[in-house]
Structures are given as structure tokens and as C-alpha cells.
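Below are two complexes that have chain A in common, paired first with chain B and then with chain C.
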Partner chain A sequence: MLSARKLEAGSGALKKRKLDEKLVSGILFVLPALALVLVFLVLPVIMSFRYSLTNWNGVSTEYQFIGFENFKNVIASSEFKTLFKNTFYLIILYVPVLNILALLFAVIIYDIGKLANVYKVILFLPNIISMVVVGFIWRTIYNPATGPLAFILDKVGLGFLIQDWIGQKQTVMPALSVSIIWFAVGFYVLIYLGGLSTVPAELYEAADVDGISWWQRLFKITIPLIAQSITINIIVSTIAILTLFDLPYVLTQGGPGYASQTMALMSYQYAFKAMSQGKAMALAVMLTIITILFSIVELFFLRRKEDY
Partner chain B sequence: MMNRRKIIAMIAALAMLLTLVAGCGGADTPAPDTSSDAAPADSAPAAGEAPAEDITITVALMSNDWLDAAEQIAADFTAKYGIKVEYTPMPGEVEEYLQPKAASGSLPDVMSINAGAFGADLAENGLIIDLAEIDAAKNMVESLKPVFTSSSGKLFGVAGGLSSTLIYYNKAMFEDAGITEEPKNWDEFLAACEKLKAAGYAPLSVAMGDGAISNTAWSTGNAVEIAATDPQYIEKIANGTYNFDTPEQARIFERVKILNDNDYLLTGSVSAMVTTLLDSFKQEKSAMCFQGIWMAGAFMESPFEVGMMVPPWNMEGQEQAVVLGTETGFAVAEGPNKEAGIKFVNYIANEEGFYTYQQSRGSIPSLIEYDESKVKMTDDVKAYVEKLLQIKTTGAYWFEILPPSVYARLPQTFQQVATNEITPQEAAKTLQDLYTAQ
Partner chain C sequence: MKSSIKRRKRAKVILTNGIMILIMLFYLLPFWYVINNAFKEKSYISLQPFTIRPEIFTFDSIISAFEKMNYTTTFLNSLIVLVLSCTIFVIVGSMTAYGICISGNKWLNYLYVFFVSLIALPFQAAMVPLVSLLKNLGLSDSYLGLALVYSAMFMPFIVFLYTGFMRSLPMEIMESARIDGCSYFQAYVHIYMPLLKTITGIVLVLRGVYVWNDLQVPLIVINDPAKQTLQQRLYVFAQSRIGNFDLVFAGALIVCLPMVILFLLMQKSFIKGVMAGSIKG
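And now, the complex of A and B:
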């Protein structure tokens, strides 16, 4: 008969072998996805950093290591301040406005009953269109000579409002923001609707019994209880706006001048128009660092708000 | 011992991983031969070369305004030579499309190419071949060759045509505004704009949202201001000794500012792309449109009568000068299909394909010898070309002479001037700063 100690040792060894097997099979399952991430995400990031330290023009087989010259040149360029300003403008305008709108839509739709699905479809529809197509749609809309917006304004006697909305410094960023919000709001509404579905209905019933107003319900019950959804949406929308390229490229090309130029757009211009891959990568590295920093700061502050 | 399920799962995971690794590998592509000789003249397939019916070439051409003709040319080429063509219309600009492909070693076998620094760079790096000995190049007007020649003497492209910029105008609107003669200089042009504005028409549409403004306002201004007074300017720009920070260069931008400040430009010109511009003119939203001769074919089919005039960009005391340059040409990538690629370039630039191409665009042939009866040019276009060729002073296009660091910023610099963000003098200084920083 086996002693208790031997039994114990035997079962310990068995547990360890099971753990090893689990570990090995777990690693093997994760490896393909990990390989994809390494090859298509991590490696390009490392290569980008490498090229940012060179004077490669994107075509030549030869290039030299020039240290941080590209970073210095990009920061010293006359349009860098504008790039920075535009990028932050979009974060400050787009992220709060988008999230407030999306939250309001979600709260309204959640309570609306019968036509909720219709509204969800209408709001989400732009999000399934390619951003390039969205850019062309809004370019057509904003055309002051032949566009539908100008046509409608003219017909209702507001022709004096017709202007080159995407050709003026004062109006291009709001015009761009409207098109981005139109495209993206549906996605964030869905996230908020998901969050709202986790709020216990009894809380609202109890609140109704106590006779609180709609706004009090929103601020005292809804928002605190969907804090995680808010965190997700704010971080995702921040990352999305920092890295946005397609829509501004098609709609404004960064113009007029550099009035709507973002860091992502400028990186593209350095790479594929000015034939300066080194500068493009330097700007892309800076953008990556800024995006990571923003995400960490937002996560830090928003996570604290999730405790209720 | 592991159970069967776990073993199967591990094998499946390994298989997925191996598939991924196998997909990343591939035959080594041979390094481009930078010392390759010029492409040989047309010849029958060499021994060991795949027969024509087994060859498929990839062709990417900038053909937004002649797409049907491009597809017809590809089909006709296949019918004649048995070589299949995978045709892709190039979206956007040539350099933007080709640059990532050049970097990844996946250039199409035949491609559109502009004269200038980008094509020269591809040639010097052995990515596109020297076309000096092919039939199409031998029949190309000699004066167009320098801008398609790299620093080591490789002819990297065959021109698609002779090109110029001009102002198309709506004859009915001109008549209605009381303009009886085409303006011959800048002051007369401004006077004509004022008459058109008084008659309720938007005088002129330009597109500052993309490279169209560089073709028109910059290149024409350069012809009048620079080419007329400094015949060595092209060499100076190429060897790094040119100075952009001059009153002449500032006046190039000043003209656009004057037009914009006086409301002579169609609303939306600052942000307009070239496609919007064309639609606006054809929809009679503006009386004039500043564009290239490559649009003659499309504009002559407008429902109204269209006139063509030499841009009267010459200010007081200046000679009339025009842009006379190359249309986007054709190049062949170094690679296993280069012989078939050469056949295609000969076909589209020198054989029956050339006439299909020319007829769809109404462009000016850049060939020495060709069948005039097959070339489609309306009487108006012919008359205009005759007028054009009599003007002594000509300038080149921006893409033929400017380094990429400078030309990449031209449209935005024009926009900055038009929106009064910078002065024309500051615009000239901007170009100089970009030029010296490269």
C-alpha cells in the first residue's frame, strides 16, 4: 500500500505535469496570433524607429544613419506647431462632443421602446461605410458651388451662409469634426447601449418612486454605473482621432494650408510626397508616444472614477 | 499521457504556425542590376523564355480621364501579342502610388511615370529600365528626352504627349459679358474678370486642393517670371544653386492672391480638387477654367462652345510665355517581364495603342513621325497648338524640375497665400527653406 507521502508526491508531480501540458498547449495556441502581432505590429514599429534615425528616401537602396536629426528637423519645421495644435484641437473638440452626443443618443434610444432598433440602424449606418467614401460624401456636401448644402441654403433664403467650408481656416476644423462625428457616433452609441443594459432596472424604478428628474437620473445613476463604458469610449475615441488619416486626407488634404493637417497626414506627406521616409517615421514615432501617453493618463484618471 | 484531444489541438496549433511561417518565406528576389545596359530593341522571345501566351504583365496607368481607352488598349495589345494584361488605374498621383511599391519591390511591369526626380531616382536604383533603344523612345521628340533622363544618362520614360496649360473659357459667357477679344496680358485678363463678375459669372475656377494648382498657376508663373529671364534655371535647381526667395517667385503666388482677393475665383477654389474643377466648369459654374491641354478632349465635348486661350499671365513689361512640357509618360520595371513590358510601351506610345490613347484625350503627339490622319484634334485644338508653338519662351512643369521636398508643399503654400496666412514673399521664402533643407 502506498504511503500518504508517496501519494502526495505522486499527485504533486501529476499536477505539475498537467500544468506543463496546459502551458505548452496554451503557448502553442497563442503562438500564431502572437506571431501575427509580432510580424505586422511590433516589427514595423521597430523598423519605423530604425528608419527614423536615417535619411532614407523610400526608394534608394542606400541610406545613412543620422541620429535624431529627423526628429529635430520635424520639430523645428514651421508647420509643427500647427500640427500639434490641430491634433489637440481634435481631441478637445471631438472626444467630449462625440461621447456626450453618443451617450445622450444611447440614453434616449434605450428608453424609447418600439423604434429603438430603427434608430440604432440609422445611427450605425455611416460607420459601416468606408472612411474614404465618407470623405467623398462630405466633400460633395460641402462643395459651395454644386453641393446639396449650398443648394438647400440657397433655396431657404440663407444663401449668405454659403462659403467654402473646407477652404477657410476658421471653418475647416469644425467641418471636419462634423464629418468625423457623423461617421463615428453610431459605434460609440452601441458601446453605451451595452453599458446601459448592465444597469439594474430596479434602480431606475426606485429613482422614479423618489421622483428624481431625468437629468438627476442621468448624472446620479446612469453615468456612474456605466463608467467602464465611458472609459472604453474615451480611450478608443482618443486613439482613433490621434491616428485618423483617411477622412481628412480625402476631405481636406490637410488644407487650407496646414489648417487641418494632422500628424498622421503630415507623416504621409513626408513619406510619399516629399520622399523623406526618415522624417515620416520620426513623426510617426512621436505620434505613437503621444498616443500611448494620452491613453495612460486617461486610463489612470478614468479608472479611478469607475469605483462606486 | 496526453489525451487525443490535446494532441489534435497541439497539432492544429502547430500547423497554423507553420502555415504562417511558410507564407512569410519566399524565393529571394535578385538584387536589381544597376549596371544593366539599355533595353534591347524589340526581339522575338529568347530561347528558354516563356511563350507570349504564358505571360501576364501588370500595368498601372494614371488614366482617370481615359479609363475606357486604357482598358481598350490593354485588350487590343493582348489580341495582338497574346500577352495578357492585368490592368490597374492609378488612383491619385503617380509618385504617391509608386513609392510604396518601389520600397517593397512590387512595381508594376509597366507604369505611368512623370518626368523629374522621382523617376530618375527609380532609374538610378535599378528599379526601372533604360528605354533609350526602344522604338517608342527613338521616335520621341528629342527636346523632351532630357527631363526623362537620369543623372547617369538613363532614359527612364517615354513621354505620353506634349503638354501645356491653358485657359478654357465659355464663349457664351464671354459674349454675354461683352468680352470680344481674348485677353493678351495680365491687366486685360483682370479687366475681363471684372466684366464677367459684373455680369454675374464667377470668372475663373482653379483647384488649389491638389497638384492641379502646381500645373497651372505655378508652372505658368514660372514660365513667365523665371524661364523668360533665366534660361539656366533648370540647371541651377538641379545642382542646388537656385534661389527661390526672389520677387519673381513671389509674383507667381501674388497672381493667385490678386484673383482671390478680388473674388475672381469660383467659391470653393481654395479647397477644390481637380475633379471638382472639371465638373464646375462643365456645369457652367465658372466662365473660365485653368487646366491642361490633356483635358481638351473632355472639354470640347461640353454642351456649350469652349474657347482656348494662352494664359495671359504676363504682366506689364513681360513677354508672353507658356508651359511646354511632357505629359505623364510610361516606364518599364526591371524584372522578368521587362521584354513584354517594352512591347506594351511601344504599343501604347508608338503603335496602334497610341492613336486610341491620343483620340480619347485629344492630346498633342510627342512623336517625330506619326499618321496625322489617325490623330484626333479638333480644329480649335489644332489652331491653339499652332498658336502655342509660335511662342518663343517656354517653361517646364513643376514635377519636371522641382525636388520632391519643394513640390510636395506647393498646393498648401498657394492655399496659405490665398487665405492670407502668409504673404507671397513669405511663400517664396518657404520654397527656399524647403529647397535648402533637402
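And now, the complex of A and C:
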């Protein structure tokens, strides 16, 4: 009786020691990543939030809390309205157009036969060359005097359409969006293709027997079944466009004036061109909050759709 | 009846292929535009943007861009940053996933949730304080500084990928290895590392290409022209010569060539990697 209890206690201790050992090794294994992320990501983000409420200039050790002064300055600035408009232009126009195009390409490529791989490679190619290169390519394409677009339009007798696409306020956002779509669409096509590959082929075979039309097939079978990929793509492309920097920086630098300025670009220019760190961090904080809000809202709405 | 459906289907496939090929030709036009103009004298570029003849073919702009961009040094800079970053991605990322998976502890699971919640943070949120932080740590103008910034920026996503993959592996292998006297570290190196090849490929494709092509981070970390990465050098080089199309095109071509060649050689792995990474995401 006594010895049985002793034995039980002994095995409990052994179990506990084994668990502790497991936990300790587990902690040791996660420590490097934790340290890395805390020092180079979490700490600077917290600093951004904190310093956005101060008049810190990025270098000095002295600063004072000034409340929401930086935020007020950003919102009151002449460029803020354009910034706001451009952000919503990209979310409401660019994201849907990009996703519809990518989905159409994916659906077409999915049952096109032998050449599917060639199309995938071609569509993904712009993702492999850098956005710096893409930016310079499109800068020369849009040049109204020497560019190839003007050359082609002139050749086919549409010369009257030639204009300074990235040099005027009315056309710069559509022009920028076109170049971003050219760059990005291949990536989203691949994600949609990944989603399509999970749809059971029997469903399509059954639909073929029933003589269902292409559009019915798209809306009744494909879209409901790849709802998850659509969710992912919309969230990923929204976050990506909100934080996109390289391509607009090379293509338009936010110009002409502030016409194609985005929050990510403006934040950089506040910090390193205008040297107003406070405004840069205030804007970055707003961008962070908007990014997180959008991910949560989209996730919420699209998750509910997926239940069908 | 059946053969007529088949025939109709065949005709449809041929038609869609025809339309797709036309679209693809338009899609590729910007590439052709850059390639053929990189080998042409400047005066012909705006007059004949899409055609090249042997008489006007020249290597002059390529050679000149190669020299003026200090290509060899710049290429090596980019390569060092890429190798450093990817080493940290793979080792630290897989270690973390392993740590989370072996313990089965709820706090380490919360840590995983914490990592995942950081994925949506934009780089801009950390940008300004990062500059002074790196300066204080003596890491500004250094390859290691760049690699550490990339690693911290992508670690949440990388941990997410590795953990998702690791969870599909049976943990019993480790239990039996432990009984055989293997330490947790030995089990990680000898048993799990080899099993992680697929997901490591995905991490490298998804994040390695980004590091190689990125401009934003070098722009704020590197000031010393001798340490600039390829993209940064191309930006400075082309920005100051925007009127000299021949040099801009030649520079753009030699900068994107290495990655394009790698992509064309390993296109299957690249495409599989992106697709698989997304299914897991």
C-alpha cells in the first residue's frame, strides 16, 4: 500500500520533470526568434506609437510629449485629403480589379491544357524582376514624347489619346494602378490556381454532363468553392497595396504635386525628405491601424460568406 | 453525341489558347522593349522602340552600365545580404516552429498566436525608430543590420509557415528518438531538418526573392555607396540618368538578369512554392 503510493508519486515526479525538460527545450528553441522580433520589430513599433505623441526628431535624446499635435498636423496638411482619397481609390478600385483579373486568368489557365505552365511563367515573370526595374520600365512607357505607348498610339492613328499619363493629376492614379496590376497579377493568379486545384474534378464533370454554362459554372461552383482563396487574396492584396513603397516611389515619387501620394510613400518622405519625424510616425501609426482594421473587417465578412 | 462534345471542347481550348497567346504577347511587350533597347544606340530608341537590326546592335550601353554601376561589387553586396538573411530565416524560423511543436505547452502556443498577429504590421510602423535603433547598435551601414531587419520583418510569417508544416509531421518520431538517447537538439538537426526541405524551399522563394529585389530597407539602412545593394544602386544610377534611356535599360537588364535566369531554370519549384505557400496561408 505504502510502496504503491510511493511509486505513484515517483512516476508523477518523473512526468513532471520530463514536462519541464520539454518546456525548457521548447523555450530555448523559440528564444532567438523572440529576441529578434522583440528588438527589431516590436520595440520600434512601440517607439513609433510612443514618439508619435512627442516632438522627438529622430536623433536627440530629449523630447516632450505634445499630445496629438503630430496627428493634427498631418490631418490639417494640404496633402492629407489627396492621401485619403488615394488610399480609398486603391482599396475600392485597384483591389477588386486586380482580384477579378487574377481570378479570370486563373480560371482560364486552369483548364487550358498543355500551355498552362507557359502562361504561369509569363504572368509571374514581373514578380521576379524588381519593382525598381518595373518602375523605370513604366516611367519610360508612359513618356509622352519618346515612350513606346505614344509610339504605338501614333502608329494606329490614335495619336489624340497621347498625354502625359504620369505627369497630370487626373491620369496618374489609373496609370500607377495599371503598372502595379501588370506587376502583381501573376502572384494572385498562382494563389487562385492553388485554390482551384483543391476543387474536386468530379464536380466539373457532373456540371458538364448537365450542360451548365461557363458563367454558371464560375458563379455556382468555382467561386463558392474557392471562397477561402478569395478571402486570402483580398486581404493580402489590400495590405500589400496599403504598404507598397518601391514601385510608386520609382514611378511617380507621389507626384505630380501630391496627386499619387500614398500613406506608405508619404511617411517615408516626411521622415527622410522633409525631416519631420513626428509627422512620419503619426502617419505610420494611422497606416498601421488602418491596415489592421482592414484585415479584421475583411476576415470577418469573408469568413461568413465561406459558410455557404 | 460524346465525340461532338469532345470536338466542341477542343475547339474551345484552341480558341482560348489563341486569345491567351495574344494577351501574353502584349504582357511581354515591356520586356521586349527593355531587352532590345539595351542593345541599341540611344538615338534609335524613340524612333524604333520595338525593332532591332544588326547594324544598330551594340554592347556599349551594357558595358558602360556595368562599369558605372560598379556591378561586380554591388552584386556581391546583394548576395551577402541575401545569404545572411536566408540563413537566419531558415535556421531561426525552423527552430521556433520546432520549439512550439515539441513542448505542446499552452504558453508557447500563445507565443505562436503572438507571432501570427504580427504578420499584418506594416514595415512603415517600425521604420523611423529603426534608423536610430540601428545606429545605436552600430548596425547602420552594415549587411548584418539589413539581414536582421529583414529577419525581424518576415519572422512572423516564416514561423507561421514552418509551424503549419511542422504540425503535419508526426511528433512520435521525436519521442522514439528521445528514448534512443537523442537530445532535443539532435532530433531537430538529424530528424526534423531533413524533413523540412519542402517548406524551406517555399520560404526561400517567397522571402528570398523579396530580399533580393527590395529597395525600401536598403534605402534607410545603407548610406555608404560602397555597400549599396543592386536595386539601390540601380535606383541611384537610373534616377540621375533618366534621359539616357540606353543606360537605364542596360542597367535594368543586368540588374534583373540573375534572378530571371534562376527563375527560368527553376520555374517549377518557384511556381509550386508560391502556390503551396498560399494554400497553407
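Some notes on this structure:
Methods note: the second predicted complex is superposed on the first by the 279 of 308 C-alpha atoms of A that agree within 3 Å, B and C clash if a C-alpha of one lies under 4 Å from a C-alpha of the other, contacts with A are read in each partner's own complex, and residues count from 1 in each chain.
Just so we're on the same page, a contact is a pair of C-beta atoms (placed from the backbone, for glycine too) under 8 Å apart; a residue touches a chain by one contact, two chains touch by 3 or more.
Because the structure is predicted, anything quoted here is derived from the model rather than measured.
In the three-chain model built by superposing on chain A, chain B clashes with chain C. Contacts of A:255 after superposition on the shared chain: chain B is touched, whereas chain C is not. Of the two partner chains placed around the shared chain by superposition, chain B and chain C are both touched by A:39. Of the two partner chains, chain C is the only one touched by A:47; chain B is not.
By the document's definition of touching, of the two partners only chain B reaches A:276; chain C does not. Once chain A of one complex is fitted onto chain A of the other, the partner contacts of A:29 extend to both chain B and chain C.
In the superposition on chain A, contact of A:158 is made with neither chain B nor chain C. Counted by residues of chain A touched, the larger count belongs to C, out of chain B and chain C.
Of the two partner chains placed around the shared chain by superposition, neither chain B nor chain C is touched by A:299.
Once chain A of one complex is fitted onto chain A of the other, the partner contacts of A:104 are absent, as it touches neither chain B nor chain C.
Contacts of A:58 after superposition on the shared chain: both chain B and chain C are touched.
Note on the chain A alignment: of 38-46, 74-82, 272-280 or 308-316, the part of chain B that runs into chain C is 272-280. Residue overlap on chain A between its contacts with chain B in one complex and with chain C in the other: 25, 28-29, 32, 36, 39, 58-59, 139, 145-146, 271-272, 277.
Interface residues of chain A, counted against chain B in their complex, comprise 21, 24-25, 28-29, 31-32, 35-36, 39, 57-61, 73, 78, 139, 142-146, 162-164, 166-169, 172, 252-259, 261, 269, 271-277. Considering their complex, residues 5, 13, 16-17, 20-21, 24, 27-31, 33-34, 45-46, 49-50, 88, 92-93, 95-96, 98-100, 102-105, 108, 111, 115, 118, 120-133, 148-149, 151-153, 155-156, 159, 184-185, 188, 209, 212-216, 219-220, 231, 234-235, 238, 242, 245, 248-249, 252, 255-256, 259-260, 263-264, 267-268, 270-271, 274-276, 278-279, 281 of chain C touch chain A. Residue ranges of chain A in contact with chain C, taken from their complex: 22-23, 25-30, 32-34, 36-37, 39-45, 47-48, 51, 58-59, 108-109, 111-113, 115, 117-125, 127-133, 136-141, 145-148, 151, 182, 187, 190-191, 193-195, 197-198, 208, 229, 232, 236, 239, 242-243, 245-246, 249-250, 263-264, 267-268, 271-272, 277, 280-281, 283-285, 287-288, 291-292, 295. Listing the residues of chain B that touch chain A in their complex gives 2, 6, 9-10, 13-14, 16-17, 20-21, 24, 31-32, 93, 95-96, 99-100, 102-103, 117-118, 121-122, 125, 127, 202, 208-210, 266-273, 276, 279-280, 283, 285-286, 404-405, 407-409, 411-413, 415-416, 418-419, 421-422, 430, 433, 437.
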